[in-house]
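One chain, chain A, appears in both complexes that follow, with chain B as partner in the first and chain C in the second.
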Partner chain A sequence: MLKIENVVSGYGEVSVLQDISFEVGHEVFAILGANGAGKTTLMKTIAKAIPLMSGSMSFEGEDIAGETSYEVAARGIAFVPQEHNVFPTLTVLENLSVGSTLLDKARKNEKIEEVLNTFPALKAISKQKAGSLSGGEAQMVAVGRALMQEPKLLLLDEPSAGLSPLYVDMLFSKIADIHKEHKVSVLVAEQNAVKTLRVANKALILTLGKIHMIEDADKLDESVIKEGYNI
Partner chain B sequence: MSACNTCKDTEKTGVLHIKKAVKRFGGKTVVNVEDIRIGTHCIEGLIGPNGAGKSTLINLMTQKLSLTEGEIIYYRGDEAINVSSKNLNTLAKLNLVRSNQIIQDFASLTIVDSMILANTDLRHEKFYKLFNDKEVREAAQEKIDFYLDYFHFDFPEGHALSAGEKKLLDIIRCLILNPKFLLLDEPTAGLPQDQSDKVIDLLQKKTAEEDMCVLIVEHNLDLIWRVCDYIHFMADGQILIQGTPDEIKGNETVNKKYIGEESNA
Partner chain C sequence: MISFLTSGFFASMLSFLAIYVALTVILHLQANVAGVVNFGIAGFWGIGMYATSIFLLRFNINFWISIVLGAIVTGLIALPLARILLNLDGQAVLVGTLAFASIVENQIFVNREITGGSRGLGTIPMPIDVGPYRFIVYGLVVVAFVVALILYAWKLKKAPFGRLLFSIRDNELLSRSLGKPTFRHKIIFFAITCGLIGLFGGLTAPLHSFLLPMMVSPTVTFTAWIALMLGGQSKISGAVIGVLATEFVFFYLLRVILPLPAEAAQMVPFFIYAAYGLMLVLVLMFKPTGIMGGKRRGN
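Take a look at the complex of A and B:
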């Protein structure tokens, strides 16, 4: 559903990603790599938070290389950034509502219910301003907002960071669930490789802005991953 | 357990005594700690569910937030310092140092310059000449070389811009300040296994060889079990259980409120 060919991107004049090509089907696709390898840059490129320097990108067969972040969101690509991922002056509920502007009221309420059941800790703080949330609570809101969009492709940049063990498990089972039940494709960058590879079908390892390897998740073990991280 | 009970010299590193400490936001009680001591072991852990009040407690211990009620006293040697009435600068002079859970931006400084800044007592330096002063740089050079090499920064004259790079730099800056009492809020979130192992090895080495003790807030339990000599379990603003890793690991309340079934299996 997502096809990326010879993509180069980065910040200002500096290119970080070099010649990236891969395809994501209806699957859970893991992006792994050391700090600074380019995982976030790749996510931002797909979500159009930074411009493409060259290469091509298509979603469901249509060219999206020249589109804005709003346009790709409207196509069904939801993005949970690694940093600054909530609106601090809006409440938890308002943050969730921002994700659902395309839904009718009944559907929206259903979705809010669903998100609150996915992350029960949010129930008691639903009227609190997101800027005063704990690290983990804010992370739940950010993921929750993306779920509100009923996306076709979900881009998650380190979604488990800051979550308690209980909630890390809930997050990964939710990922597995929306993939199975709702046919959502998921692209997830994670340092928690072990838990990610349990729900992922495929993984891509980035090294210094280049693809080190793309492999079926069940063929990746610790030693293979380490190799990718150390180069 | 560990060699900690013998190596720990609390006379030099100090102990934080938290007494009837309450923090409320509006009508909501976020921290309500009866009576605990932190720093009686080399490396202690503070764990608990999201929203338990861990970061708030660290903020109270380091004057980023003020207490609604109660007090926090830092005992070191003959000194008894009421932390709740001191400002951040005074605390830094006491070598009571903290890292940040929320990733900090040092985008305007290169990695090396950030380290130089941490190593410099700004009151004695002219700010404008800080980064090209030979003496200032030489004073920091040994530490800079060590950290660059230890953590393999590929481009030290560049900026720390990825989330993990920023996180690591925050920890390094804390360590360069020569803390006696170091408070780390989720130091390894977002770091890959090998880097977080390195952070931990370094903390273990420093606490063993230098007068330093550490409190770590972490959700990475493998790490907590492995390095902590003592653990405080916090939920709903209160410290519910304290003990060694072995004591905390099997605890039913901890499992129920925090760990859940799957990770525990």
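Take a look at the complex of A and C:
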């Protein structure tokens, strides 16, 4: 559904990603790599938060290389950035509500119910300002908001960052549920390879902005990953 | 008592207060809902006031149509300005809009064939001619406009479009991934609200009855900002209370009720600005959320 070919991108004049090509189908696809490998840069490139320097990108067979962030969002690509991924002065409910700007009112209300059932912990804090939430709560709001867009592809940039191990397990099992129940493809960037590979079908290992390897998740073991992480 | 309520003095006081409430409410919408720091209020207000008067006096167009045309002209001028400025950061917007307002003042001064320049433009009559009651009747019409504006502001903040604007102000990058062209929405919202400032500029014209370029001074902008800061930025009621507090206490109380000798009375305007500043500092020190309080929605 998402096809990336020979993509080069970065910041200003500096290219961080070199010659990236891969394809994401209906699956949970992991982008793994050490700090600074370029995971966030790749996610931002797909979400159009930074411009493409060269290469091509298509979504469901249509060229999206020249589109803007709101255009790809409207096509069904929902982005949860690594940082600043909630609207801090809006309440939890308002954060969810603003996620569905393209839905009509009835559908929006149904969707809010659905997301609150996916993350029941949000019910009790629905009137709280998102800026005052804990890291884990905020992450649930961010993922919930992205689900409000009724995405076909969910981009999650390091959803486990800063969360306790228990929360990470919960979040990953939610991600697996979301994929199964809502028929959403997931592209997840993570440092935490072990836990990610429990839910992912396939993984791409990034090393210094280049693809180290792309492999089915069950064929990846610790030694292969360590090699990719340069440790 | 009745004769006081129908007097030109009371009517003028009421009308000007209402106009300042309107400007402050619009400022609240721009600054606190859309996150745009507009320091060019006087400019947009001045365009509306002059454009309305020009349509009325030079083209003989009915006053009520003229204020609508004046608002449209203001909005159309704000649109390209917003396109240039709103991509920049907050300080650039502040300086840009302030500069814009002084360009407006200057252009009114220079283009004397159209605006009358320093000779002034007039006379703009009261649009509803009901004899001696025309001042208070017009004042009540202005108040009605302001009430309508407040209702609009109140509804907007609860509507999905208002929430979208809040989200842009909160985190513009993230809001761009929501599926709507947020920058376009922000520009259009800014232009429309500037058009509203122009509308209230048009409504001010008959109150002044004779226009001079110096009326389009930054004082208008600062008064609205001070009122907003004082009343509290996050609520519409803050904007209303802020205007009443600043204008009423400082202006009317000092000028009207305190019996000052003539020489001292001349000093009052200067004293008012010093007192404004002092009041602002005190508010920011002891109650930074303003009189009406509430959580600040800005960053």
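In this section, the second predicted complex is superposed on the first by the 224 of 231 C-alpha atoms of A that agree within 3 Å, B and C clash if a C-alpha of one lies under 4 Å from a C-alpha of the other, contacts with A are read in each partner's own complex, and residues count from 1 in each chain.
Following the convention adopted for this analysis, a residue touches a chain if its C-beta (ideal position, glycine included) is under 8 Å from a C-beta of that chain, and two chains touch if they have at least 3 such contacts.
The structure presented is a predicted model; accordingly, all values stated were derived computationally and were not measured.
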(message) Quick one: is A:Phe59 in contact with chain B, with chain C, with both, or with neither? Answer first, second, both or neither.
(response) neither
(message) A:Pro165 in the overlay: touching chain B, chain C, both, or neither? Say first, second, both or neither.
(response) first
(request) Have a look at where A:Phe79 lands relative to chain B and chain C in the superposition and call it first, second, both or neither. (result) second
(message) On the A-aligned overlay, A:Ala49 touches which partner chain: chain B = first, chain C = second, or both, or neither?
(response) second
(message) Quick check for you: in the superposed arrangement, does A:Gly99 touch first (chain B), second (chain C), both or neither?
(response) second
(message) Applying the document's definition of touch, where does A:Phe29 land relative to chain B and chain C: first, second, both, or neither?
(response) neither
(request) State whether chain B or chain C is in contact with more residues of chain A in the superposed arrangement. (result) B
(request) With the two complexes superposed on chain A, say which partner A:Thr89 touches: chain B (first), chain C (second), both, or neither. (result) second
(request) Can you check the complex and tell me which residues of chain A touch chain C? (result) 47, 49, 68-70, 73-74, 78-79, 81, 84-90, 94, 97-99, 101-102, 129, 149
(message) Quick check on the complex: what are the chain A residues that touch chain B?
(response) 11, 34-36, 40, 82-83, 121, 125, 132-137, 140, 158, 161-170, 191, 193, 208, 226, 229-230
(request) Note which residues of chain C are touching chain A in the complex, please. (result) 160, 163-164, 166-167, 170-171, 173-182, 295, 297
(request) Flag every residue of chain B that touches chain A in the complex, lowest number first. (result) 25, 48-52, 55, 101-103, 154, 161-165, 167-168, 186, 189-195, 219, 221, 258-260, 262-263
